[in-house]
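Next up: the structures, one after another.
Each of the next two complexes has chain A plus one more chain, namely chain B in the first and chain C in the second.
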Partner chain A sequence: MNNHRYVARSSEIAARRLGNEMMIMSGKDSTLFSLNEVATVIWEAADGLTTLDEIVEHKICQEFDVELAEALRDAEALAEALAEHGVFLLSDEPFQYAPSGKEQK
Partner chain B sequence: MSALMQEMNAKALRLGIPLSVQLDLTYRCNERCVHCYLDHDDHGEMTTPEIRSLLDQLAEAGVFFLTMSGGEILLRKDFFDILEYARALLFCVKLKTNAMLIRERQADRIRSLGVDSIQISVYSHRPEIHDAITKVPGSLGRSLDAIRFLRAQGLKVIIANVLMLQNIHDYPGVKALAADLGVAFTIDPTITPRMDGDRSILSLNINQASLRQVFRDEALVGDVEEFCAPPKQADEDDLDVLPCSAGHSACYVSPYGDVYPCVQFPLPSGNVRRTPFLDIWRHSGQLNEVRSIRTRDLPSCSRCVHVVGCTRCPGLAYMEGNMRGPSSQDCEKSFAKTGIPSNNLLSRKSRWEALVHIQSAKELVTLPAISPTPAP
Partner chain C sequence: MSELTTTIDRDIVIEIGDVPVRVRTGDSAFLQLLEKRYTGFVNRRSYAEFEFDVDLTPPGDVGADDDVRVLQRSGRWSLKRGDFHAEWDSASKSGNIRQSANPYSIDSILRIVHTLVLSKQGGFLVHAASAVRNGRAFLFAGVSGAGKTTIARLAPENATLLTDEISYVREQDGGYSAFGTPFTGELAKVGDNVCAPIAALYLLAKGPQNRIEPLAHADAGRALLANILFFAEDAELVKLVFASACEFVTRVPVYRLTFVPDARVWEMIA
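Now for the complex of A and B:
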């Protein structure tokens, strides 16, 4: 995957924060996901206007004790997996519309 | 339930989060089902802004599953505004409806808003039975058309078949109909007392013999031997379990803003028109009382042979007069499954026998008084 891609939350999902985790259900196939604290930071930062590598560099590596290369690898895998279930949208261009949800707490 | 869902439920319980809420948007209805527990008059439903505010509060409180029910939800002119607002807040929305007002356009809108599932009541595959229960001629046809429209949109539909005296022989037909339509099927053999306390509609409940037959239908319950297995011996841990999720990780809000532990547990716990939802959820004395109850606190049920496998509903127990008491309808189910009477059924039987003895004794005592002794 190209880390310069933009990541946006799909509107075809249900999501709610549960403690420090994010509970997400795919609208595409009703698969339920639980994102851990790190993945939740990526989720919350996926505004469609920021690239994945920017999120990793400025959010993940700032908040957690992790090497950039390792964090990028894990973030790529997460974004690809969630995109397969229609939870994330990926694009080489910034998204033109606001990401889903009035509330992303 | 998936392992992840169980984990989420356990976490919600630990954190005191209301994971599931049922919100009834209206009690008005375009059907008049013989077994319905509601008063269909409008006594002052929440307005659109009030419901939006409530939805904001529910999202803030951590609600994930939001079931919108009624009454008939599509009778509200602002139904799609409310649904759109709820989906924008990322709730996993489930709808309960009779679907009479769902045509192609509504089905398309429901799909575009990303609703998780739609549960539709179907009482029989025969119009003369279904329509007699809803008291609306043509209602089965309209509901089935709606199911086809929803399926054409690829939506998940569940046919809910409430069993009662009028339709007890029809569930195999409804099940076959659901299979033909490509939708899920669920039965419910419980008639709920009216919310105002009137228990007269319980006379529509299917009898013990029918219940026994339903519980032995492999097509419904799977492994009959396992489903109807004798009760397991309880250990100390079994007595510490929570009797139900009502008030723990789930609750109910009426169209008038009243908060209850569950739609089937009408214990008034606060009103969102007067108090913020989270304050009610966290501090209501009624909800906290419900939360304090463990199985060991149930005087009769904790000593009952069915304590481990019983489906006891605390709401039905409450409507019977005591939220710590037994729910007789669930006692009947345990009896139908296993042939072993619950503590409650045994005690009712012994009370009945005692009553008979008292009457007999009274007859004996009073006989001389009502039979004048002839004068010597």
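Now for the complex of A and C:
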């Protein structure tokens, strides 16, 4: 995966912050995910218009004491894993958003 | 006697959680079986929110061990397991059931129907015993073997048992209420058909001493979601149930209750 890809939250999931954790459930198969603080930052920044490397550089590295290269590797692995479960959508192009808020490429 | 007179429709209304469901069958023996099975939850009112016609099949005609599948297509729900097949139209709120004359199949169908109804009302069915004490309901959730039946059996005389197996939860009057259910576990005792506002949810664990620990919202949410019954393969309803569970744990205190299986544990429930 290249980190210049755009990452967007899927509309097929439901999310709710409980305490310090972002809880996410897949509507398709009811799988429950719990994101830690770093993953939650990526989740919240995944607007479909910002690339993953921009999120890491401007959000993760600003808020957490972490090396850019390491943070990029971790973010890439996270985005790939969550994309496999349908939580994230990944694209080489920015996502277009309909007024309803649902993602449309 | 003509065949017509022997196949006159008969029905009962089974009301759980204030949701009346009419079950119509031409088989009087099956009707009697249902009346006995749902004692305390049967009423004679004419109104029913949902209606099902039961078509009885010979015993052994279908298997009973298959996984349940609950799907919606064009507004029509299909509830299917080896031992039953029910179809239900969302708009008319009526449907039909094909099963043999046993109470277990229709019990499962009623549970599924109520999970669908509750999902749109901020509620859910959850693997939990529940009881009312001093006007407030307490839920005790856990997987099989966690102690639901034990805690129900140990309940003091002034506690009213709602269920020892599956609790019925609905958002109501700005809070959450628990309703009695006929869905029984090992205690095989039908709950009382009453409801009360929920004061707390306890997640059960057996241990060497009685202990209560408050749970963080995230831990509570994970535990509650693991115990909620929901069968429908429907993304929008799954999202609603998830939202209901998350909302519940932010508004109702949730504790881990480790207990020794004797009556003293109830001294801690208040």
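Note that in this section the second predicted complex is superposed on the first by the 97 of 105 C-alpha atoms of A that agree within 3 Å, B and C clash if a C-alpha of one lies under 4 Å from a C-alpha of the other, contacts with A are read in each partner's own complex, and residues count from 1 in each chain.
Keep this in mind: a contact is a pair of C-beta atoms (placed from the backbone, for glycine too) under 8 Å apart; a residue touches a chain by one contact, two chains touch by 3 or more.
On a predicted model such as this, the values are computed, not experimentally measured, just so you know.
Enquirer: Tell me which partner A:E12 touches in the superposition: chain B (first), chain C (second), both or neither.
Expert: both
Enquirer: Examine A:A77 and indicate which partner it touches, taking first as chain B and second as chain C; both and neither are also allowed.
Expert: In the superposition, A:A77 touches no partner, neither chain B nor chain C.
Enquirer: Count the residues of chain A touched by chain B and by chain C, then name the partner with the higher count.
Expert: Of chain B and chain C, more residues of chain A lie in contact with B.
Enquirer: Just chain B (first), just chain C (second), both, or neither: which does A:G27 touch?
Expert: A:G27 contacts both chain B and chain C.
Enquirer: Can A:L68 be said to touch chain B (first), chain C (second), both, or neither?
Expert: After superposing on A, A:L68 lies clear of both chain B and chain C.
Enquirer: On chain A, what residues does chain B touch that chain C touches as well?
Expert: On chain A, the residues that contact chain B in one structure and chain C in the other are 12-14, 16, 18-19, 21, 23, 25, 27, 30, 32, 34.
Enquirer: Spell out the part of chain B that touches chain A in their complex, as residue ranges.
Expert: Residue positions touching the partner: 2, 4-5, 7-8, 11-12, 15, 17, 19, 56, 59-60, 62-64, 87-93, 114, 116, 156.
Enquirer: Within the complex, which stretch of chain A touches chain C?
Expert: By the definition above, chain A touches chain C via 12-14, 16, 18-21, 23, 25-28, 30, 32, 34.
Enquirer: In the complex formed with chain B, which residues of chain A make contact?
Expert: These residues of chain A touch chain B: 11-19, 21, 23, 25, 27, 30, 32-34, 100-105.
Enquirer: So in the complex, the part of chain C that touches chain A is made up of which residues?
Expert: Against chain A, chain C makes touches at 216-218, 220-222, 225, 230, 235-236, 238-239, 242-243, 246, 249-250.
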